[in-house]
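Each chain gets a letter, A, B, C, D, E and F, in the order it is written, and its residues are counted from 1.
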Amino acid sequence: MRILIVNVNTTESMTEAIGAQARRAAAPGTEIVALTPRFGAESVEGNFESYLCAVGVMDAVMRYDQPFDAVIQAGYGEHGREGLQELLEVPVVDITEAAASTAMFLGHKYSVVTTLDRAVPLIEDRLKLAGLDARCASVRASGMAVLELESQPERAVDAIVQQAAKAVEEDHAEVICLGCGGMAELEDKVRSRTGVPVVDGVAAAVTIAESLVRLGLKTSKVRTYAPPRAKRITGFPLPDSLGR
Amino acid sequence: MRILIVNVNTTESMTEAIGAQARRAAAPGTEIVALTPRFGAESVEGNFESYLCAVGVMDAVMRYDQPFDAVIQAGYGEHGREGLQELLEVPVVDITEAAASTAMFLGHKYSVVTTLDRAVPLIEDRLKLAGLDARCASVRASGMAVLELESQPERAVDAIVQQAAKAVEEDHAEVICLGCGGMAELEDKVRSRTGVPVVDGVAAAVTIAESLVRLGLKTSKVRTYAPPRAKRITGFPLPDSLGR
Amino acid sequence: MRILIVNVNTTESMTEAIGAQARRAAAPGTEIVALTPRFGAESVEGNFESYLCAVGVMDAVMRYDQPFDAVIQAGYGEHGREGLQELLEVPVVDITEAAASTAMFLGHKYSVVTTLDRAVPLIEDRLKLAGLDARCASVRASGMAVLELESQPERAVDAIVQQAAKAVEEDHAEVICLGCGGMAELEDKVRSRTGVPVVDGVAAAVTIAESLVRLGLKTSKVRTYAPPRAKRITGFPLPDSLGR
Amino acid sequence: MRILIVNVNTTESMTEAIGAQARRAAAPGTEIVALTPRFGAESVEGNFESYLCAVGVMDAVMRYDQPFDAVIQAGYGEHGREGLQELLEVPVVDITEAAASTAMFLGHKYSVVTTLDRAVPLIEDRLKLAGLDARCASVRASGMAVLELESQPERAVDAIVQQAAKAVEEDHAEVICLGCGGMAELEDKVRSRTGVPVVDGVAAAVTIAESLVRLGLKTSKVRTYAPPRAKRITGFPLPDSLGR
Amino acid sequence: MRILIVNVNTTESMTEAIGAQARRAAAPGTEIVALTPRFGAESVEGNFESYLCAVGVMDAVMRYDQPFDAVIQAGYGEHGREGLQELLEVPVVDITEAAASTAMFLGHKYSVVTTLDRAVPLIEDRLKLAGLDARCASVRASGMAVLELESQPERAVDAIVQQAAKAVEEDHAEVICLGCGGMAELEDKVRSRTGVPVVDGVAAAVTIAESLVRLGLKTSKVRTYAPPRAKRITGFPLPDSLGR
Amino acid sequence: MRILIVNVNTTESMTEAIGAQARRAAAPGTEIVALTPRFGAESVEGNFESYLCAVGVMDAVMRYDQPFDAVIQAGYGEHGREGLQELLEVPVVDITEAAASTAMFLGHKYSVVTTLDRAVPLIEDRLKLAGLDARCASVRASGMAVLELESQPERAVDAIVQQAAKAVEEDHAEVICLGCGGMAELEDKVRSRTGVPVVDGVAAAVTIAESLVRLGLKTSKVRTYAPPRAKRITGFPLPDSLGR
């Protein structure tokens, strides 16, 4: 089976890291194809950039011309998943929701630790819309920007570990979701510092996408995610498959 | 004061209707400028098109090169308002929220009557995120597509009036929000058929935007709607003001 | 247009301050008439006094013998708005709800800063009933009594500014609603200390009332706010219009 | 022990019926004193009348010059309980809440059957504020006015039984709360028609008040229900105990 | 009337203490029979033990061969009440719910103070299912194990009083529910330290059970708590009345 | 990897059917071991039986003396999962939650179709506790008893298909969860009749358990699901591993 995993920003090195992380989680026989949007922001840290990313991700997926079995949107708290679900029949999995859904099997309450404070309301809103917020103890910000996770890994790990510990001790979280991509060592450090399971959204999403494919389950097309109606799309740099 | 009102689709005749409607509601001295996105769908009836519109609307506003005092996004249930709030300091008003907020001053519960069934979950989700859903009795679909409102006005009015009556009689709505644009006669017909106040989102949004301007109130910039951080935006057909 | 604004307590100097505040917010052509109840408490700081005020306010409005276009009840967290809505066809706006509704257009979450701790549950309950609590970050008390706002203005400003700052920093409020009347300088000081927009309920209510009038919207009469049924009202010192 | 039970309207025959009902439920040794407000409406069917009743009930209780151990406010969905709790140390029980609280020990969900449709939102709001709404399946109106319960008892019984049956069959209620006073035969008829337990609010309130007294429990005075602060109450026809 | 009160653990001295506490609360003429399960854990502090207790309590009640009028399950946060309600027609009262229900008549918000931290989620879940959580300010743990309440009473009292004080001061609780059994002096100390009413679940449950019996109210049998269907129960050491 | 799947009732033929269903969903290399409780009811249709099953399932798992990697509890709406989580470190998956969690990736709202009406509140309560109810459109009963699914398969399929269709058409479900075990043909028939994805809880749970194992995730042990404390368990027919 082939799963597309789409980075939400235009930074190729992050796409590579996400792809590598997905491959580590994938079952033998699963091919992971990591895509970078043609347009958008080099990191997504707010609503403006998130809306750009929603379109950039749809564009990247529709432009991909090989068959595939599922799509993962690899952004924490970003918009766009619902649009992909309309455009595709294959399952679409958002890593924010995959992480929360997985965490809920492991403990009574979970917390998310993310990058900047301004990302917190976006994540809270995505969890609320997804109906996965009832057992969310907190969404905490480490204060590190997305690109600083790569450029200052040590400081980032420290900041994230610290917030994870607070989530467990003060907010009664029993599981931590890492609301930011790409650091293999992060999981281990958070787990050993807090003693609780740590869920990486990319890994969780890969196994969920594989499971849905294996069970033959596809996106429901009766109402919310029915295919877009045939109509004129004007002046937008989208592939023919979109720009009817 | 000058208020921009942005259509969410690319159909110029709807932009004109929305502009006219806004002007009827505006106070003397308020200039209404109605904008059409350069790109997007001819009507917005789902998530894919809604995400395109979010970017199209931001593009249209940022491309506008004259001063203005507030912006209204004239789509029912569409995405994008949060992005505009990041990009601007002036108030941004979404007509879905304006209608709900206004209706709540007039009765114990309100209902929304909209176009197609597939729009219902989008509107419900926007109201939930906005925290304006607690007194929403129902969101009902008339089964008419957006463009049919213009092409088949009589049938549209009948279908909408019928759902409004059901909302009052079966769902205990005491106010009706019209979740679809541009028919002057609609308000009167729904009001006379149901006996309840009818709120048009465009008109409501105009008065709210005017009020915020007059009170000197602007979008809070401390967290969620802080300006986008300076960063590289790649390959996107946005005006310079956006595509840094 | 003429708007009645009714103080909830019997202290004339507060009525005057409220009237002045309303006039500053009013559009040209709006006449503000500020009323003081004939009976009730010199300040309203609890349920007993709030229920007295509900009747005192209804009495004051029904006793007013000139035409008017809307009524504002100028108490933060007090009872009574629903009774006025039954008695009148013109719009009735409560300043607690006006402030919350306005704040929700300006930021992701808002907080209210009020007088005494005992007022907090009343305000929380009013916001819950109004369905405006989902985005309320907190209701905080400054510890100042209503009349101390006038008698000890400096201490009051300090105490309120301090709680507003805590609301922003600890509760993640992005907008502050002032849950107490009459200090022009308060808005500026809270804004400059916290950097967030500050909403005064009286000013917000004036613009909302004006907007409803201009849009021709009236209270729904189909169910909850239908006129009181004709019946015997015994032994109550109400005007003829009420005491049928 | 002596328990005051206060009618919310001025109709003496209803006070007598309520008193009789309370006595049937009372334990040996409990003295029931039924009070009628000096002022107010002959029946309470809406917010205006409910606010009058709130003051009328407080007046009646404060005017009563003998010792007593608890107070019951015998109105379904009316305002006022919180005011009494401030004024008194002895427990105050509202029959709307007493019925709901009792019903929740008997079945998974309960419904309320009341008089006019316009009373439904008042009852729903009281239950929401009381935090007793989560297991409320529905509040249904029989369409009978309060005074028709006395003047047309047969028709009233039929209408109420019919709604109770619908609540069980359509709304999945497992217990019925009678949201209207004074008909001994009603309980039996609803029970035999629906097969579910029927809770009368007056009877439930009597046992709850007795229990609180026997356990030595009093209203908490630390915050919400602290005694009113000493202040000037102007021009209100209240007993000295209130009109300080 | 005879009320069975069933301890949830197998420690006889706790059964005796619970029985004594129940007798202090009971009306003259009420016979309290305190039962200890034949099997189960010596203290219940988690889900595994709570599920054992659910069966142990049902076994103890069904094995009791004299008539009785009501049953109280005397465990804080434990499972089992719903099973008893299916097996019996007489009322079944859980002390967790009895305490919460009683506390809600005394103050705006209540807190529970219990034993170990691990009991907190169980209690929170029981209150959520019971629909009694809306006015729960917090559930706090004293850090004392169940059996330490007996073996180290002084330390236990200190720890509990300290958490009760925090609940009042930090969480704005106005009433405290003691989520742990058997210490007469505890109520007084918490009350004098915090100044708020203190509700003991056993005492509250006794008065509620008595009230339901006196009002002739029984468990609804139409749906959720219908008697178990006739079927084979295999290999379980239950009395004949259960093990059909 | 080896996954235990435990039937909640004592009917061996159902255990076999469940095992077979699990094997169809399992990845190559996953060994499914299906267990039947030694004691309990031949079918679980209510709270009494559900509590028996909770203990029976824990007993069956603890008695199993080979290593295993995860446990699935194969009952819809039954108690017990939390107890297993305390006793084990390996992941524990309940099929009710697995189905809901999976359905939420496929459509905006889902419904559950189950057996008897009396099972509905149990399922609703499990979903509420699991925090998976926000997007549940309805839980509907087919009116078929558990054992009738085997004895009258045709009638059962018809009844279930009919309720599934109603869930889609009237409740706006976009995905159907089958809240009852063991009929391979059921999925196909419901899918072809309603046009929406159909989720079988057993299959969903197998893939989730496999995923958790592959990701190295285990139950959090910091608070709610910490191992039971060492203590005396009296007179209970449990294996040594439990009956310490």
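In the analysis below, a contact is a pair of C-beta atoms (placed from the backbone, for glycine too) under 8 Å apart; a residue touches a chain by one contact, two chains touch by 3 or more.
Owing to the predicted nature of the structure, the values given are computational and were not obtained by experimental measurement.
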item	value
Superposition rotation for subunit E onto subunit F, Cα-based, multiple of 5°	180
Duplicate of the B-C contact set - from E-F, A-F or A-B, the pair where over half of the pairs recur	A-F
Distance between chain centroids, defined by C-alpha means - subunit A, subunit E (Å)	44
Separation of mean Cα positions, subunit E and subunit D [Å, integer]	28
Touching two or more other chains - residues of subunit B	108, 120-121, 172, 223-225
Parts of subunit C lying in touch with subunit D, wherever the complex brings them together	10, 38-43, 45-52, 54-56, 58, 79-80, 82-83, 85-87, 117-118, 120-122, 125, 128-129, 145, 223-226, 228-229, 231-237, 242
Touching residues on subunit C, where the partner in the complex is subunit B	25, 27, 91-93, 97, 101-102, 104-108, 130-135, 168, 172, 174-175, 194-197, 199, 203-204, 207-208, 210-212, 214-215, 217-225
